[in-house]
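Here subunit A shows up in two complexes: once beside subunit B, once beside subunit C.
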Partner chain A sequence: MKSYFSELFTGAWSLIIGLKVTIKAMFRPIVTVQYPREKLEITPNYRGHIDLVKDEESGSHKCITCGSCMRECPSDCIVVDGEKREGVKGKALTVFTLDFTKCSLCGACVEVCPTDALDYSNDYELAGFTREEFHFDILKRLEERA
Partner chain B sequence: METFYSILPELIRIVICAACGAIIVFGNALVMGYAERKLAGHIMLRPGPMEVGFHGILQLVVDGLKLMGKQLVVPAQADKPLFMIAPLLAFAPVFVPLLVLPFSEKIQGFDLDVGLLLILAFASLNVLAILIGGWGSNNKYSLFGAFRSVAQNVAYEIPMLISLLAIVFMTNTFSLRDIAAAQSPVWFVVLQPLAFLIYIVAMVAETNRAPFDLPEAESELTAGFHTEYSGMSFSLFVLGEYANMFIVCSIATVFFLGGSSGIPLPYFEYSGAIWFLAKVYALMFFLVWIRWTYPRTRFDQLMNFCWKYLIPFSLVNLLITVVMVKLI
Partner chain C sequence: MNVEVLEDERHHRFVLNMGPQHPSTHGVLRVLLELEGEYAMSLLPVLGYGHRCHEKIAEFKPAKSFMPNTARMDYLGALIYNHGYAQLLEKATGVEAPRRAEYIRVITSELNRIQSHLLWYGAYLLDLGAFTPIMYAFDDREEILDILEDITGSRLTYCYYRVGGVCKDIDDKFVTRTRAFIDRLRGRFPMYDELVNGNVILQKRLINVGDLTPQTCYRYGITGPLLRGTGVAYDLRRAEPYSVYPEFDFEVPTETSGDCMASFKVRFREMEQSLRIIEQALDKLPEGPVMAAKVPKKLKIPAGDYNSSVEAPRGELSYYLVADGSDVPYRLKVRTPSFSNLSVVPEMCEGMLLSDVVSAMGSLDLVIPEIDR
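And then the complex of A and B:
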């Protein structure tokens, strides 16, 4: 009989405590980010797809068209090509494309690059309607940034 | 012809009452649907609907249009007549109790001597609708939801009735207007706090809302009795649920919170309805608040609580009330 009443009162008291918690929460500011209107700052460590690094000295990229990334890529999604030009040492980069539909974001290309010409981009809003939208022209992206 | 003219005023009255009832049912569903989602959002530290209209105020209109446009799917093995009649049975009876509710001293459809009995009789039709819907769906989740609903509603109707009966003993009437008028100096919530508490608990269980929403416990029963319903037939269940919330909160207002009494306003015979609605919506806010606070009870706990606590306490309360009424 004693436990009958004590259970009732402890139970009722716990219910009141619960109500107190939620009424306080109701007047606290909201914590969710309203995504398309508000965006969180993305960390620079975010590993998106690859991008060519802009060289501050020359204003261009540091790629020497060695093709290591193309050979290293386990998914065969990078295509690099260059041509010999007058007055330019080595080969000049003409094509650098990434098929992001196949890329597994392993980062082997960035690791292997002898001149540190590649880095991860911070793009995360990657949605599209066709698969061709994910065939990135990395060289063009660099020129657009420049 | 003469008889027609003699009943004409009464006919017009009936039509107006029915129209007002429909306005209350749909308006209440819009307001409560929006308020519930907003409050749920803010309790969870998120903003709730924000996209459609200012602060998502048109969200429920859009949802209503969407539900109307949806296909009514009847499962192949379902009992089609029962399946189709259940949502109507859940929705149609909610209009009748609205006719006898005294919104203010002069705003009332009909003042029946058996107003309370009428309300309780029609409110319990909801159980039948849920049972028919659960059975007609031919789905094990629906059927379990319906079973639970019946067990729960039958059990919780007893303490609800007994707690209201204590008030009826004090006022000697079933008429809602007289009961509301009987508490002009002191509201019955002061004289009958235990009955009020019991009624509030039973009211939550009767409307199948959390923490007593076992008939539609989504973690174990998908959606319970309305698993198979889609489009308008689903929304009739929801409209019925919100209307039932309005009705049980109105009964609580009439029986315990003094009906339309409050600080006098001009034309108080009519404007008392403002106080009445304010009290009803305060209770509805409480229902939403507890829904988003408490986890769902286990079924045996639910039954134990009713049979071991609510019914004995309400019986003792009734006994004390009867003795006090006899002595005073």
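And then the complex of A and C:
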């Protein structure tokens, strides 16, 4: 009988101790962020999908159409193609697409690039209704930014 | 939930499908329960809902391209899975990672382990009906994710380690933030302790529930905090030291009771030990490169078989690779801890109350994509 009451008392007391923590937390500053209305600043090191780097000197990209990224990609999601143009050394870039539905953001393409023509974008709000929305035309994106 | 009544001569048992979308079975685990009243008389975990053929995928592309896949197997211990795989290929090809890279691997892996345990803490108590703790745990976990995001570029499925090092060096900001986090989490442990660990409801639901003995663990190949909860101090970081772990001073926490409360306490103490490892690693952090100078572009693996094991948050993780001399593995076998840990469920939970089944399965800390890979 005695142990029953002492158990009841210690049990109830343990609940009060737990409640004390939550009551204390009520007076601490709020840590949650109301997402679509408020946004946290994202780190510049965030690895989004790839983008072509804009070359400040030429105003264009630095890609030499070597196709290293295309070969290195574990999921075959990059397509690079170029054509021979007069007055341009090597091949000129005509196609650079990324199938983001297959990309696993490993960063192999950025690391292998000999001219540092690729970089990660900071886009994270990626939601769409069709698959085709994630077949990015990276070259077009660069032109739109310019 | 589907309820189907089975007619039996002696008993009236009914078969209940728990999952694949039940709140207390994380991911897509389905458990076929046979109930007699409120007692679970037999349990059968059903797998296959999240199978993605990872091991088969490994046989079709160059070995180093498999790195992002390792993170998708266990999304909570992604860096540790990266670690095991990078180590495997380094063993196989003879590439050696610089010391600084090994230190960075240890620091980030341990942060990842704490993150995994914090999520387990929140989710487990959520299963047991306590909603508040997950909010506190996520507050701390968010800080780890921010620290790791700044350095690895991702928040959950990291692909940070490379064969021969890590892909990006850490900076002073990382070091100061990690040190601040160590202090912060140490200050929070007493709060976690007060919040639930002494709670009478939690104790009644965990103590003497889901008892395991070392013998049962050996039979099923159970490793990790569950095995340490039965009193066996088996931790691969100590038992079969890899990377730079022998250079750090840390304990392998054990409990002797073998019930859910034991693994609960072991995980808590493991977080404290991980903090100790991180602190020592930050103090001793050597200067130098983070990538080996010469890593061949086409990584040819000499014919033979290779094995690499690491201590994942849920137990022993092993990679076993058979190579035929090309850069594509002939076969890659992954031994994941949760698979062995799950296989004890039919024996452990037989004859339990349904509500105890939830707490016993939660203490296994199951990550389904790791079981079903």
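By definition in this document, the second predicted complex is superposed on the first by the 115 of 146 C-alpha atoms of A that agree within 3 Å, B and C clash if a C-alpha of one lies under 4 Å from a C-alpha of the other, contacts with A are read in each partner's own complex, and residues count from 1 in each chain.
One rule holds for everything that comes next: a residue touches a chain if its C-beta (ideal position, glycine included) is under 8 Å from a C-beta of that chain, and two chains touch if they have at least 3 such contacts.
Everything numeric in this text was worked out from a predicted model, so none of it was measured.
Visitor: Touching A:Q34 in the superposition: subunit B (first), subunit C (second), both, neither?
Guide: It touches subunit B, and subunit C stays clear.
Visitor: Which chain makes contact with more of the residues of subunit A, subunit B or else subunit C?
Guide: Subunit A has more residues touched by C than by the other partner.
Visitor: Looking at the overlay, does A:K54 come into contact with subunit B only (first), subunit C only (second), both, or neither?
Guide: Touch partners of A:K54: none, neither subunit B nor subunit C.
Visitor: After superposition on the shared chain, which partner residues are touched by A:R141: those of subunit B (first), subunit C (second), both, or neither?
Guide: So A:R141 meets neither subunit B nor subunit C here.
Visitor: Give one of first, second, both or neither to describe whether A:K91 is in contact with subunit B, with subunit C, with both, or with none.
Guide: In the superposition, A:K91 contacts neither subunit B nor subunit C.
Visitor: With the two complexes superposed on chain A, say which partner A:K62 touches: subunit B (first), subunit C (second), both, or neither.
Guide: Neither: A:K62 stays clear of subunit B and subunit C.
Visitor: Mind working out whether A:M26 is in touch with subunit B, subunit C, both or neither, as first, second, both or neither?
Guide: The first partner, subunit B, only.
Visitor: Which of the two partners, first being subunit B and second being subunit C, lies in contact with A:L15: first, second, both, or neither?
Guide: A:L15 contacts both subunit B and subunit C.
Visitor: After overlaying the two complexes on chain A, where does the subunit B footprint on subunit A coincide with the subunit C footprint?
Guide: On subunit A, the residues that contact subunit B in one structure and subunit C in the other are 15, 18, 21-22, 25, 31.
Visitor: Under the definition above, what is the set of subunit A residues touching subunit C in their complex?
Guide: 10-12, 14-15, 17-18, 20-22, 25, 31, 43, 45-47, 74, 104-108, 111, 120
Visitor: Which subunit A residues qualify as touching subunit B in the complex?
Guide: 4, 8, 15, 18-19, 21-23, 25-32, 34
Visitor: For a test of understanding, state which residues of subunit C touch subunit A in their complex under the given definition.
Guide: My answer: residues 61-62, 65-69, 72, 132, 136, 139, 142, 146, 149-154, 157, 159, 167-168, 191, 194-196, 198-201.
Visitor: Note which residues of subunit B are touching subunit A in the complex, please.
Guide: The contact residues of subunit B facing subunit A are 39, 41-47, 50, 289-290, 292-294, 308-309.
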